[in-house]
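Two complexes, one shared chain (subunit A), two partners (subunit B, subunit C).
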Partner chain A sequence: MAQKSTLFPDRRKKRLLIATFFVILIITMMITITAGVYPITVNDVYLTVFQHLGFGNPLGMTNDIVVWEIRIPRVILAALVGAALAISGAVFQGVFRNPLVEPYIMGVSSGAAVGAGIAIMFGFIVISLQCTAFLFGVFAAVLAYSFATIRRETPLVNLILAGIVVNAMFDAGLAILKTIAPYGKLQDLVFWLMGGFGGTKWGDVSSVGVQIFIGVVITSLLGWQLNLLAVGEEDARSLGLHVQRVKAILLGLAIYLTSISVATVGIIAWVGLIMPHISRMIVGPDHRILLPASALIGAIFLVLCDTLARTVMTAEIPISIITSAIGGPYLLYLIRKNRSFYFR
Partner chain B sequence: MITVTDCTSGYDDTEILHSISFRVQPGIVCGLFGPNGSGKTTLIRCLAGTHPYTGTIHVDGADISRVSPRKLATYIAYVPQSHTPMFPFSVKEVVLMGRNPYVSQISGPSEEDLIRTEQVLEDLRIRDLADHPYTELSGGQRQLVILARALNQDTPVLLLDEPASALDFRNQIRLWRLLQRLAKSGKTILACTHDPNHICWFCDSAVIMNAGTIVTHGPAQEAISAEVLQQLYGDLCMVDSRNGRSVVVPNHQE
Partner chain C sequence: MLLLIGGMCGTIVVADTKTITDMRGKNVTIPANPERVAIMNAGFLAQLTRALGVSDKIKATGGLLFDWEDNEDQNEYIYLNPDFMNLPNIYGWQDPLNAETLAFTNPDLVIWEDTEYTQGAKYKEQNNKDIDTIENTLKVPLVLVKGTGLYGNKDNQATYDTITLMGEIFNTQEKAAEINAEMQKRIAEVEERTKKITPDKQAKVLFLGLTDELPSPAWENNYGDAKFSDNILNVKNVYTDTNTRKISAEHIIKLNPEVIILTSYSKKGLNPDIFKEDDTFKELRNVDAIKNDRVYSVGDMTWIGDYGLDTPMILMTEAKGAYPDLFGDINVRDWSIDYLKKIYGMNDDEATTLYDDIIGMSWTKKKNF
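And then the complex of A and B:
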């Protein structure tokens, strides 16, 4: 058809916005790589990356190790995990039609943590660590959802209360694991539970990072379907959406992304709740734009938080403390400002 | 054409619809009338494919339980009772969603979908609302937007659940006139209402329900009779006639 619709004049602009977020992310990563005890300039980062791509000369051993072996994989993994957590939050909020729900609040993160903890205790290899984390993540979500559903209705208050219960159950599970763990395993477990991106290697990026990247891209492509679900399940069904199937795919992806993130870097709270919210304020509720925007903004946020975590004090601060310090007050602000909006 | 045969449905253990059968011819406005709790909404939801039932429902010869949701959405469009969604989607985004059964599930709406959406907005004279958040509209505007979404589905059958309930008197008349025009263009329209006068004034035929069964079914003027009203409401109201049109008026209090 030669005719052009004038209905969505801002479509190009929104795509441009996504590209802008991506550029901001890359710049943020470049700059944060320079931050740390060992002084490095942006130019060094640039040259090191180029050298590894096959251009130019090596810059020297120390520089290469700090930039290429330590900081770059760490920043990339932080970005990917940030994207994973944020997009999972956006999916949960859309599917459950409430901007106060996310995998962490629903107990998915704790579930995944117990799964990962069990795998660590019994010494499973990397793949089954993620598998166990995912299975327990799904289990936690199913538990929370069925606790919260009464007579086919799932009110928000029930969901949040059910999330608290599920969280408590899995926290107890983790405590049991710690109690029964033999000495050597206990050390592994506690070290992992503290979480964070310290000690990230290229191996983590190529195993977990790639899975997250693929997961985030696939999820981003389901924005249209999520829009329909976000209006209401009955509406979505009458508009021709296979509601149960799409819901399962979307929640499955979100739980998968959350679980493998938790299995790799421990529980990082608040990213999944706050990032979709900020993104929605910037790009609006259309999930075709909102999903990629959340992923990118989440990535930027977590890269910044991780940089704070490793530079503010001489010893590294657990990253969850930083995300909580920002996320907690923000949630409080949201609830007080929009009380009638969330609880009706 | 809609053909319902022995349709039984309910919620959990409670049976709401008891073996309902009726038929709606194409090109007419059929009113579904009955008191609160008579099963109108449940019946509409069964027809829309969003509620389980036993028995058979055929639309244009196809058994709706045997087609995929996507295919069904090209036969039947459904306007539910208005509700407020959580997220402030703009009007144009909501109406565009009506194109879902034709939209590629990977690449999203095409240029043609956008053009059709714009056309529907103009047909219903709500083009100027296109950029408004749907959550901030009045009840009447919201009803029009959902109707626009349903029309955007481009289906032979249109189901409406209490379409006039959130509208003022002027908009009620405009809505029913619009439904009459749509019927003239060949659509089959089934709309439920709890105002008997809407049946008398705007519908070609009527299905009158009470307590999950059909009381009567036929041309609108005949269906709303003194006997039927007596059965539904007792001595509460009576049928009057003004200029050859039936009007249901309340009885004077003793």
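And then the complex of A and C:
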């Protein structure tokens, strides 16, 4: 992968930067919980939070419900899903050594969406909704990779074309689901596919959120193996790395993180593509730093996007509209700026 | 050829055909006694064919008759016309017309209901093409009728006109006039009481299409079950946006309505106690309407604003929910069952089953509403 210019080349400084991103994420979350359609003063928002942490006296019940039951779990889940999608994108880009690959472009998100859609429509659930989405996500990734690989080589153009084909296949599957869905379910299916955190409960945070958190941490700890893969598979083998196993583990984790995110909040496009790029520009290509940086920047990005989604208009805007509005132009900019690399 | 000029407005009878003026203002020559009719609608025409006693003349259906409920046995229109389940579906409206199926049924007439839904930007062009296919390719006469509140009109004139026109088509003018009179009398009963409400006394109402979880769509003043909120119900719709959109729990808490009407879109809306019984919605329990037990449901009576013959029952349910004191002397359940019996010529058991089990208004019995 091309070495991008790095603003912070020193590794110690990079670690400091990770800590800084974490602090920025916390500050972002603390600011965004004060935003919403229900008018609550900033002071009351924090008094409510402190009261739940064991300090101070209870405030009004409505304030408590809005801050503690509605906004906070939503902001936390948005952060976790943002982290999951961004780190998945970074893993895909690292494994395939290709900056244009990410779960959405490879068809994983569409595959997972079809799995979740089938589960919702027909009650066809393998173990759980997330697991069903995961199986379809794996299927999509295997399909794309198989289509793209010729004589043990997987050229960039092949991979992108294969991703387009797989996406088209699963999009057709989604279209069929939409066609046969009764009207009531169709409305839900369409809104769900557009992505959103509208119905988030603490239960979502404790179940899905914990899985995402663990997945993100484990993936971050495997960054050094991605570094070895980045020097080339032959060299990685000569350094003692079991290349196929490592790739399978990393891709499995990335697909799982993407799938449970999609199954929970629908398809949210572009996070997996642009967040790793931004992170790479800031911290460089070292995956030990890049993976946690991507997760944190992805979390910040999605928290901000979700805040826009729930506050810009009186009604909810599907969050994918916002991420696409930002992500699409950014990809165009990226391709135009690095044309010689992408189309060599 | 013997030319008979019909005494009814706009109808000219020529031997085995007659010419009527449909609701586009177009003169359409149709069979004098249509025997093989296809209807395109969301339920209003299905209600009318039963009420007029001509269900046996319907040979194909299209539109959204069967697409709404998962359990088709619970569909009001199937209950009214059980044989419709076995008729060919010609689709149309939100899906392209299946012209071959329509041709196969060999219809002598198509009756097409134009609604707010079909007039929407998303489907209008497709619907116009399908109408053209029926008239100019299949050469089948098509009579266009209109549903309630089309083109932003907040009155029931289109409904009354459609009932009259259907009477002319099927030669059941007398029954059509009875239905119109009954509907108008019932709606006037609501309107006469609510028109006395002054703006400062208007109930603050949220019309909510409750889905499996929030956000769920709120009906703006010109849409669906909120269509008559200002001019007949005389309530204040707390959702003031100009489009019907999904709103969050936080938004509902902010709006804090005195009354919530669960609209026909509500998949969970058959039980007004849903907010207290289902923890999915527990964050709303401090909202005035829920706290004070002022949540009401119109069951499955309407279909995205296509009120049809259910109009009086919907209005009375919403009006009593908003102004319980004003309608304290009316038991909505008895009033509605009596209306169903008169409109459809049903006995007490049939009407009660329709109201309780099919339309989903059994909550009125539990709450003595």
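Everything that follows uses one rule, which is that the second predicted complex is superposed on the first by the 318 of 344 C-alpha atoms of A that agree within 3 Å, B and C clash if a C-alpha of one lies under 4 Å from a C-alpha of the other, contacts with A are read in each partner's own complex, and residues count from 1 in each chain.
What we mean here is this: contacts are C-beta pairs under 8 Å (C-beta built on N, C-alpha and C of every residue); 3 or more make two chains touch, one makes a residue touch a chain.
This one's a predicted model, so the numbers in the text were calculated from it and none came from an experiment.
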| Partner chain in contact with A:32 - subunit B first, subunit C second, else both or neither | neither
| field | More subunit A residues in contact [subunit B versus subunit C] | value | B
| field | Partner chain in contact with A:242 - subunit B first, subunit C second, else both or neither | value | first
| query | In the superposed arrangement, which partner chain does A:110 touch: subunit B (first), subunit C (second), both, or neither? | reply | neither
| said: If we overlay the two complexes on their shared chain A, which of subunit B and subunit C does A:234 touch? Say first, second, both or neither. | reply: first
| message | By the touch definition at the top of the document, which applies to A:261: first (subunit B), second (subunit C), both, or neither? | response | neither
| task | Please indicate which partner A:314 is in contact with in the superposed arrangement: first for subunit B, second for subunit C, both, or neither. | result | second
| said: In the overlaid three-chain picture, which partner chain does A:219 touch, first (subunit B) or second (subunit C), both, or neither? | reply: neither
| field | In the complex with subunit C, residue positions of subunit A that touch it | value | 36-39, 61-62, 65-66, 69-71, 179, 182-185, 187-188, 191, 196, 198-199, 201, 310, 313-316
| task | Would you mind writing out the residues of subunit A in touch with subunit B in their complex? | result | 1, 3-8, 94, 97-99, 151, 221, 223-225, 227-228, 230-232, 234-235, 237-243, 280, 284-286, 288
| Residues of subunit B touching subunit A in the complex | 12, 45, 48-50, 68-74, 76-78, 80, 83, 85-90, 92-94, 96-98, 100-101, 103, 105-106, 108-109, 111-112, 114-115, 117-118, 121, 130, 149, 153
| message | So in the complex, the part of subunit C that touches subunit A is made up of which residues? | response | 64, 67-70, 94-95, 211-215, 217-218, 241, 243, 245-251, 253-254, 265, 267, 280, 282-283, 286
